[in-house]
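Two complexes come next, and they have one chain in common, chain A, joined by chain B in the first and chain C in the second.
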Partner chain A sequence: MADSAPATAEKLPKDLAAEKGLVNVQVDGTWVQVPAGTRMIEVCKIAEKEVPHYCYHTKLSSPGNCRMCLVQMGMPNRPPPGESPHYEDDGYQQISWMPRPVIACANTVTENMGIRTTGELVEECRNGVMEFLLINHPLDCPICDQAGECSLQEFSVEHGRGSSRFEEMKVKKPKNVEIGPRIRLDDERCIMCSRCIRFMDEVADDPVLGFIDRGTHTTLTVHPGRRLDNNYSLNTADICPVGALTSNDFRFQMRVWFLKETKSIDVNCGTGCNTVIWTRGNEVFRITPRENNEVNSSWMPDSHRLNFHYLHAETRLGDPFVKIGSKHEISDWPGAIAKTAEELSRFKGEEIAVIGSGRMTNEELYLLRRLADTLETDLLSLVPRVGESDGKLISADRNPNTSGAKLIWASRNPYAKLESIRQGVVTGKIKALIVFYEDLLGDAQFKADDLANLDFLVSNHILTNKTAKASDVVLPGAGFAEKRGSLVNITGRLQRLNQAISPPPGAMDDWEILRDLVKALSPDEPSRYLLEEVFGEIADEVEEFEDLTLSKISDLGIPIVETGESIPLLESEKARITAGEIVG
Partner chain B sequence: MPQTILTDQVTSHETSGTKHHPPFEVDSTIEREANARIRQYPAEHKRSAVLPLLHIVQSKFGYISSDAIEWVATKLDLEPIKVAEVVTFYPGLRQHAPGKYHIRVCRTLSCAMGGSYELMDKICELAGIDRSQTSHHNPVAVSPCGTWSVEFAECLASCGTAPVCLVNNDFHEDLPAEKASELLKSYK
Partner chain C sequence: MATVKVKRPKLHWYEHLYLPAILKGLIITLKHAMESLRGKAQGGKSLATSGLGVTMQYPEQKWDDQLPDYYRGVPALVTDEQKRERCVSCQLCEFICPPKAITITPGEIQSEDPWAKVEKAPQKFDIDMIRCIYCGMCEEVCPEQAIFLRQDYAMTGTTRGEMVNDKKRLYEIGGIREGLVNKWNELK
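Right after this comes the complex of A and B.
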């Protein structure tokens, strides 16, 4: 009788897996090894089998209420009392399949378990769930913003029946409700997955959403007098599987299938949330968070994602300007660069100061330092931008690249010299000032009268401002969506900014402006043709960048330095993963 | 469908019965009662006291007003929507004032066959109640004078003596439509 383990020294698959702390699970006939207690839906993901779902989200608790992820489950035969289990030739026990389905999102796996994501039972279940979900759905896809990225649409094609048997009246619910300043709600489209409610409860800590009239008339809403006005509210539109919650800002602007996706990062604070920039032609339509569990999980603050409209502002600088007399006149780039170099060479090193921005990329900061070196000045500073941390994803440092500046300038405080530059301008000790990517009268807190003390002021920005008006030469640059480069976030992670659109005609990428300026001042400088060459110079010079290239950074970035800083939202998510509340 | 439906469904509106019920007010008695109920649950599951608290409010004030929802939410450290979720789920929890005498007529099978629909019609006729405006969201109809209100109830557990009804907390059995006027008179 082969009712016990083979007598040879050969180990059974269950023992081999147990040595690694894993269990064997069969998914559609294929055995995989996963940690015990993994959710079935995650095991299917590992086995590359798709399980359609609506309510399940790895970063939220699993209520199991949409029933879309039903799969068939099997367990090994239990031996009669007193007998040991029987192992087949392949070393596994035979699986007995349960006649009823289970939800894959909230059940966990054990040794020798089987999962079927296909087959008559599973297909029938999906078909039935889809039919129920569509009963009261308005099917207004032609005017719905979610069309093209709607799970209901997608699964309807894959698992639906194609036509409706429902002849009765659909339930009427509120439509076009402004439940918050940035979010609009259509309750008829809602499929009651409760992802948004759980997000507001568990991640945003602002539990304003809820279901009233549970039953046939279940309605998502906020309490009268309350609003969905949290700074993370737009994440609910991201995770809404249908078009129930839509963004006021993006609503009706563009069909999503026309948009090009560019993976990039946020530049509004030191966290550097990973993003996707959605563009068509030369226009940015929306920015959404991109999952990175070392930076921003799957989320992003509203204030940061909506801060892109200035790229298309009317005050955008188009061409370089040179002041002739008291009037600015449009110049060409070689003329503007030559004029700047010529003017700067009139001054001694100690009469010149250079102000940069913590919003500049590593490559730009490197070239800015080269510029300061070429001009033989050590008056080089960034402009600090400090706010309050929101205890989630917004860091107190509102500059995205302070960590990068520290490394590349080999400086413990790249903001240190701003005050002495300001004083130098007041006293007239500094006669020429170079400003990149900052408005002196804004965060840098210079006074308009002081700028009159300067003999020569050259500024770079993307929008017209008072500094540009006072400048002798204006060099229009590129916005965050218009350039490539690398930045280092507060935790010391090197991340990549990618170009989604082109700068306006006449404006130039900032690193090229700096390159040309350095070359014009010092013809011995190497010719740089590619941004990669600048990055290569940084890699040669700065220890933390050693052996790196722009392409090695990859989409998720790499940690290059230990700063001791952490991101509060990630810490609370880690605690929830440890507690087993979420998958993470 | 108008947006106001959301507000309408989660806030109270005045009915002719409002004058028969005391306005919602928090005094030391209700605070004491509420705290006693909250103490029955572990501190981290304080939320579980939401139903007992709503029952306290409804038995004292006749219905659960918006102010009462806010108070319960504050007592349990919840957002008011989390209390409204519960209030709107249970048909037994009322958001609008019923009459001085609230009559619940059983309509489950035995009573329905025993004539509870006729009983309901008769009560409405005698009390001058118009039930045409009742709906899924609003099952209670109040008489213009505010003395009477009616609502269908599910099984009251006395199938052998159908039809039956509850007037406030008094149980009345064996009540064909003909006895309706006698029933109302006993409460005048």
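Right after this comes the complex of A and C.
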């Protein structure tokens, strides 16, 4: 012991770090060990020192054009020829500080380097850059949608002057320009960080944006004859540090400081992009992507993020309906559930079929199977929804929970029996049909005449549709922002859906509807009061869910099964990280 | 914290009786009563009393012309000399309002409007006068000099709905205000 201790003590910090493949960097007087070649701004992030920046984005290349991240850099003295470097008592070489600042976003670190993120030089640089950025910036904050989440506002509090010294006329540029169907451009607000240009070029593969003119007249614009109509265009509004690019959909809807953020996931395709749902009161105002490097990086397709307005549609079902004669009458929940159970008990098991949806959560699918078991029918199927993958984030499977259905139903193809159910309805072999979350005349491709063959049809919907009109009992359910639950995406990652708002007063959470139906049909069923109890039952039954709970899923989800599927956008991003183009 | 010991004042024996002090008070009250009967009450003239004492005969008599400039009455929206509605629905007043009396639905100014360059104006602007506490924070926070507390103080209504001032009423109360900063000028 005594012999080996001095040997390690004699080792210099640089050697200790090199053993782990790291280098020592001093940030504001504190030494940290980081991998060689890490960018200075990332080192400062590790050392928990803030470096203000506009143009730098971890998922994009670093042109270093905003100049806001200037820091002071120091390197060890180079010894005269023939001399070996001198190490201080603490084992580090003395750092000589450079008289000029460097940008932290595009420079990498080496052994014994020093970074100062504070001090007179750095502060003066930031103040100067801020003043230049604000020279031509319009006083638009009261009408700007970015206000409240604007980097320019935030940093001008710390580094701004408070009042302008600029006495000349501000440069006029185009304002309120519609450069695409979903994006609006205000060139006066633009600070020329080029994040949007790089995003469209590097991630969306649709380089339609660019700068024209020079100096203070530099203007962001769209290529002549082209529009910013890519399905990923709204991501440019997300990464715009100012209010130059704003969303048409969210335009003047609500100030962001009123909105409550709920972490959730997207349910429009099998990828299951991680999202934030922004709500005020009981209304969803917008949905933005949330960073998850295993699912959607930092991006999200426009078609998916804008698909929430139906939650507040006029056609939303607000009460359970029971058909009396040929007319639907508003009922109460106990009445509608009792009526359904009573009608269903008239039929034999083989006369009943159950159709569910790949948009349902694991918990709902589990209870749907319990319902089919209680009715002693094996005619249980989901409705397939197949599109084309866009080679980025939209998967070919447009159902968000096919992988979950495979696990919960222990079935290789949860869509297999749809065709035989359809045939059974046509021939009249199936007399009662239970439909959850699907319009039979839509993706399930039933015909209106077929439904007339049925003796009893009970369906659950969010919006009124033709299936609901043909149903004997209609049970209004909850939308994706109105319920909790878990889903498994195409790569086999278990993710959590969180409740952002509550369903309309007369509607009910879908798992509760299923629970009540099962309980009404078979009083011996255990009483379930919490969604956690249903998840617990799944965990007991399905091997992949073993030892899991809803809260253990966490915000970023956990991989539970190997499906062999991958997300194309992540693959291309991994290649760029390996090539050193981006930090990732 | 330092403890300060205060000495209890020593009272004379007739102060312990209390009665002399009560008598003294009664005499002062009586003196004022006699003076008001003779029409010589303090502040009687400036408050335009009926002549008997300082009691103002509200609502026959009102003190509207006595209100100081800084009086905080009903909050209202104003237009400027160019007939432009100054509010751009930035919703800062809605945010700052302590009793949450203000509700704004923002909207866009149509492109054919002469003030289309302002881009944003309120679609709806409601101030619930049952909730309003006349604190004046909305006026203080407004970046566009659009909302002011006026000298009106007598808000009445027989239903809750009547006590909510909508956008139309707010502009009626506010009227035109001159000499404000003309931010949305031709240079803008």
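Basically, the second predicted complex is superposed on the first by the 575 of 584 C-alpha atoms of A that agree within 3 Å, B and C clash if a C-alpha of one lies under 4 Å from a C-alpha of the other, contacts with A are read in each partner's own complex, and residues count from 1 in each chain.
Note that in this section a contact is a pair of C-beta atoms (placed from the backbone, for glycine too) under 8 Å apart; a residue touches a chain by one contact, two chains touch by 3 or more.
What you see is a predicted model, and the numbers here were worked out from it, not measured in a lab.
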### Query
Does the superposition put A:R214 against chain B (first), chain C (second), both, or neither?
first
### Message
Contact-wise, after the overlay, does A:W257 reach chain B, chain C, both or neither (first, second, both, neither)?
### Response
second
### Task
Could you look at A:R227 and tell me whether it touches chain B, chain C, both or neither (first, second, both, neither)?
neither
### Query
Is A:K175 touching the first partner chain B, the second partner chain C, both, or neither of them?
both
### Message
Tell me the contact category for A:K429 with respect to chain B and chain C: first, second, both or neither.
### Response
neither
### Query
On chain A, what residues does chain B touch that chain C touches as well?
175-176
### Query
Along chain C, where are the residues that touch chain A in the complex?
88-92, 94-95, 106-108, 117-120, 143-144, 183, 187-188
### Summary
Listed in rising order, the residues of chain A that touch chain B in the complex are 172-178, 207-217, 219, 221-224, 226
### Query
Which residues, counting only chain B, touch chain A once they are in their complex?
1-3, 5-7, 9-11, 66, 69, 78-82, 84-85, 88-89, 136-137
### Task
Could you please specify the touching residues of chain A with respect to chain C in the complex?
138-139, 141-143, 147, 169-170, 175-176, 251-255, 257-258
